[in-house]
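Two complexes follow with subunit A in common, the first pairing it with subunit B and the second with subunit C.
Take a look at the complex of A and B:
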């Protein structure tokens, strides 16, 4: 297990796009320490901020996180990255495979554009988790995002594929959703605002937009399949499906093929 | 030339020297405001590129609400002249547009061109009302209200309640205009409003028109696009322009303690944010006052002290404004140029001290 140990709070935002087990496995100690991770003209390198210990394995541990560590595990395609603390924006952005586990909190845009693999945030996530960044076509795009704590506003904004499981979420959860599945124990106001397709499963919710219409209570085979799929990620979320569920269809402002399942 | 360093009046050379030394030692400087003529905005991007600064504008909340929506769904827009000349139905979305100068022009005149020429102009309102003939308070919030109108326009909701009536009036219009303020409506709301205009344009003509805009943001957007290929909030820390609306949000950067120097460019007067006093700052402002920043240099106001290309709200274009009261105050562009010269010869960027 390779380890990067943060020596002190970073003096600037750091970009860890190029720091993953596969890249480090091909580098010598010196080469790894010279990797550019700074975002200002001072040219901060990996060895400036981290004590580097490499063993060429497919697992990388980052000891000591900070909210200034951006793009941790971005574009990860294989292997595992564990972070013992917090991370900054765009955790696992564009990730294609592998596993990413953050013990602390994540900044905004976690898992944006991620097409595969599993991203787990044990703490809270910022706004736009699983959401699209500026000018991107889609947010989460096939990966699995698990947020044990609370997510901010716009969770799963414009997500296109994949699954998001969150404890609590802020306003506009699943806004402008293109497709995919989002499950949360509680969401804020206006869940699914502007969604086209996709499935939201929520325990409780804030204000529901009038552009969602209640379509009754259903017992569908799909819901049991969903429960089986969710149980491996979070039993608590799977249990939501054991209760009678009210179904809302919307958003009527768009093509209205989305649905929100609310556990009564 | 009026200039102040730490509140004390001084001459131009000393102030530029003080500003240069403040910026030269900064790890992550920010050039903010950008409320100025095109020449000064260009000079600001040039300086940012030389010192690895990031750039943010005075009205970026509204600007990014519009750009975010534009980048995803496009936009159906009109100009003030077209709206005044052709619109027979105007929907005022929210409270802010009621304060815009264009509203008086819309109220005072009837449409004079196109198919609606000579007919009465109906003013509808959602969210807030002053003199509209049909008004919907929309207690659920503006964003939600726009969604409801769009659902009516699509035919997914029906009824003769207020939103139903407003949607019907817009659908029956020859030339509808949706007047909004992007900062008030937010990105999701603007995107929904564009969707409403697009639904209505299936059967009639309907366009959006954004009012307001803080500072010279509407000039900064095209200038940054032609200089960097990106939207305004770009950073040059890694020498190439990187666009990141979240990372280069100046207010966020100051709150997170990531900034160690700010250059505020306000040659066209614009209100200064309160975070400016929390970081070492240089202010190039037309309304020069000693307390505005650590280093203050009074510059000419384009269109008053010297000529300059500014955003023309009425014509919705960049136009040249000659000096209305020429003075010997330096232009912001020339001060930024002098700063750049000073910083280029003074050698910035080094790894002399430990980076971490």
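Take a look at the complex of A and C:
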């Protein structure tokens, strides 16, 4: 297991886009330490901020997180990255595969554009987790995002495919959703605002948008498959499907192929 | 007739000639085993012969809730056609008319294979734009894509595509030469039970048994197949009859399977089961149908099937 140990709080925001187990396995100790990770003209390099210990394995541990560590795991396609602490914005942005685990909290736009693999945040995530960055076509795009704590507003905004599981989420969860699945034990106001397709499963919710219509309770085969899919990610979320569920259809302001299932 | 015998019953030293076909399997589930079976029975109706029905189909197995993707009782159906395109056409028609229409059913791929055959992705148009696709991992973590089509009892859930296997074989067969109808039918029924117990094999004819065995072509212009006159008891005594004087009835079982080994195993099971009770029921001999060996690449020699195991079918 390769390890990067943060020596002190970073002097500026750091971009860890190119730091992953596969990339590091091809580099010598010196080459790795000279990798540029700074975001200003000062030219901060990996070795300036981290003690680097490489063993060419497919697992990388970052000891000591910080909210200035941006795009952690963004280029991950295989292997595992574990962060023993917090991370900054765009955790796992565009990630294609592998496993990314953050023991602390994550900043905004976690998992944006991620097409594969699993991203787990043991703490909380900022706004727009699994959501699209400005001008991007889609947010989460096939990966699995698990947030054990609370997510901010606009969770899964414009997500296109994949699954998000969150403990709690703020307002506008699943807003502008193109497709995919989002499950949360509680969400704020206006879940699914502007969603086109996709499935929201929520325990409780805030104010519902007037452009959603209740279709009643339904015992659909699909819910059995959803329970199977969620069971391996979170038993608590899968258990929501064991209760009678009310279904809302919408957003009628768009093509209205989305749905929100609410545990009654 | 033959120097081969099994359980005291003569076995003609010949072979069954079978063909490469396109084959697939689907799983149909429902809230109850009864309704899963109703759907499966309906879908596999009129599917005895590829030539006349477009496909050969049958029920491979009843599945417990633990064996199905959605945890409900189910039935595994096998469907065979000449080639994947014909198979697709029949699959869409049969699922569309018999599974989609049946209350409570859902439909899943039942076998893995190299050729993708679109199913839910074609039937979704019945949803008139209201159908939605959903990609979810199954219990093994493999992503599968489903279509959810609104229907009057809720939703019809159907997997986007199924898979056709390489190596499916159609046309394994056994002919039972008996003295009278009732006794020979009993022998054939017991052979069917044994043959269809082999996983991945079906017997597409009514009750697994066919009385109208055929030969290629006929005296009437345009006939692709006509009665197998050599085995018709009412034509005994003529030149070309293959029946001994004491034979009054011939019944045949036909076997399709997803693998050549499946056909071989199924034929062996049928042969042994039939000859074990054949003596009591007036079974005169067992033989097999072929076309001289020039049409089908799979030849199942009865001589090889007499051994309990280790059959190595030619082809």
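Please note the rule applied: the second predicted complex is superposed on the first by the 264 of 264 C-alpha atoms of A that agree within 3 Å, B and C clash if a C-alpha of one lies under 4 Å from a C-alpha of the other, contacts with A are read in each partner's own complex, and residues count from 1 in each chain.
Criterion: a residue touches a chain if its C-beta (ideal position, glycine included) is under 8 Å from a C-beta of that chain, and two chains touch if they have at least 3 such contacts.
Small disclaimer: the values here were computed from a predicted structure and weren't measured.
With subunit A as the common reference for superposition, the partners subunit B and subunit C occupy compatible, non-clashing space. After superposition on the shared chain, subunit A has more residues touched by B, the comparison being subunit B against subunit C. When both complexes are overlaid on chain A, the residue A:229 reaches subunit C alone and has no touch with subunit B.
In the overlay built on the shared chain, the residue A:109 is in contact with subunit B alone; subunit C does not reach it.
Look at A:39: by the touch rule set out above, it reaches subunit B but stays clear of subunit C. Look at A:197: by the touch rule set out above, it reaches subunit C but stays clear of subunit B. Within the superposed three-chain model, A:257 lies in touch with subunit C and out of touch with subunit B [touch as defined at top]. Vertex at subunit A: the C-alpha centres of subunit B and subunit C lie 130° apart in angle, rounded to steps of 10.
Contacts of A:8 after superposition: subunit B is touched, whereas subunit C is not reached. Touch criterion met: A:219 reaches subunit C, while subunit B stays clear of it.
In the superposition on chain A, A:176 makes contact with subunit B only, while subunit C stays out of contact range.
Once the two complexes are laid over each other on the shared chain, residue contacts for A:209 go to subunit B alone; subunit C is not touched. Once both structures are fitted on chain A, no C-alpha atom of subunit B lies closer than 14 Å to one of subunit C.
The part of subunit A that touches subunit B in the complex is made up of residues 7-8, 10-13, 38-45, 48-49, 67-68, 70, 89, 108-109, 133-135, 154, 158, 172, 175-176, 190, 193-194, 207, 209-211, 251-254, 256. Residues 161, 179, 181, 197, 199, 218-222, 224-226, 228-229, 232, 257 of subunit A touch subunit C in their complex.
Across the complex, subunit C meets subunit A through its residues 29, 69-72, 106, 130, 132-139, 141, 146, 148, 154-155, 157. Per the touch definition, subunit B reaches subunit A in the complex via residues 27-28, 51-52, 64, 67-68, 71-72, 140, 143-144, 147-148, 150-151, 154, 156-157, 188, 191-192, 195, 231, 235, 237-239, 243-247, 256, 258, 348-351, 354-356.
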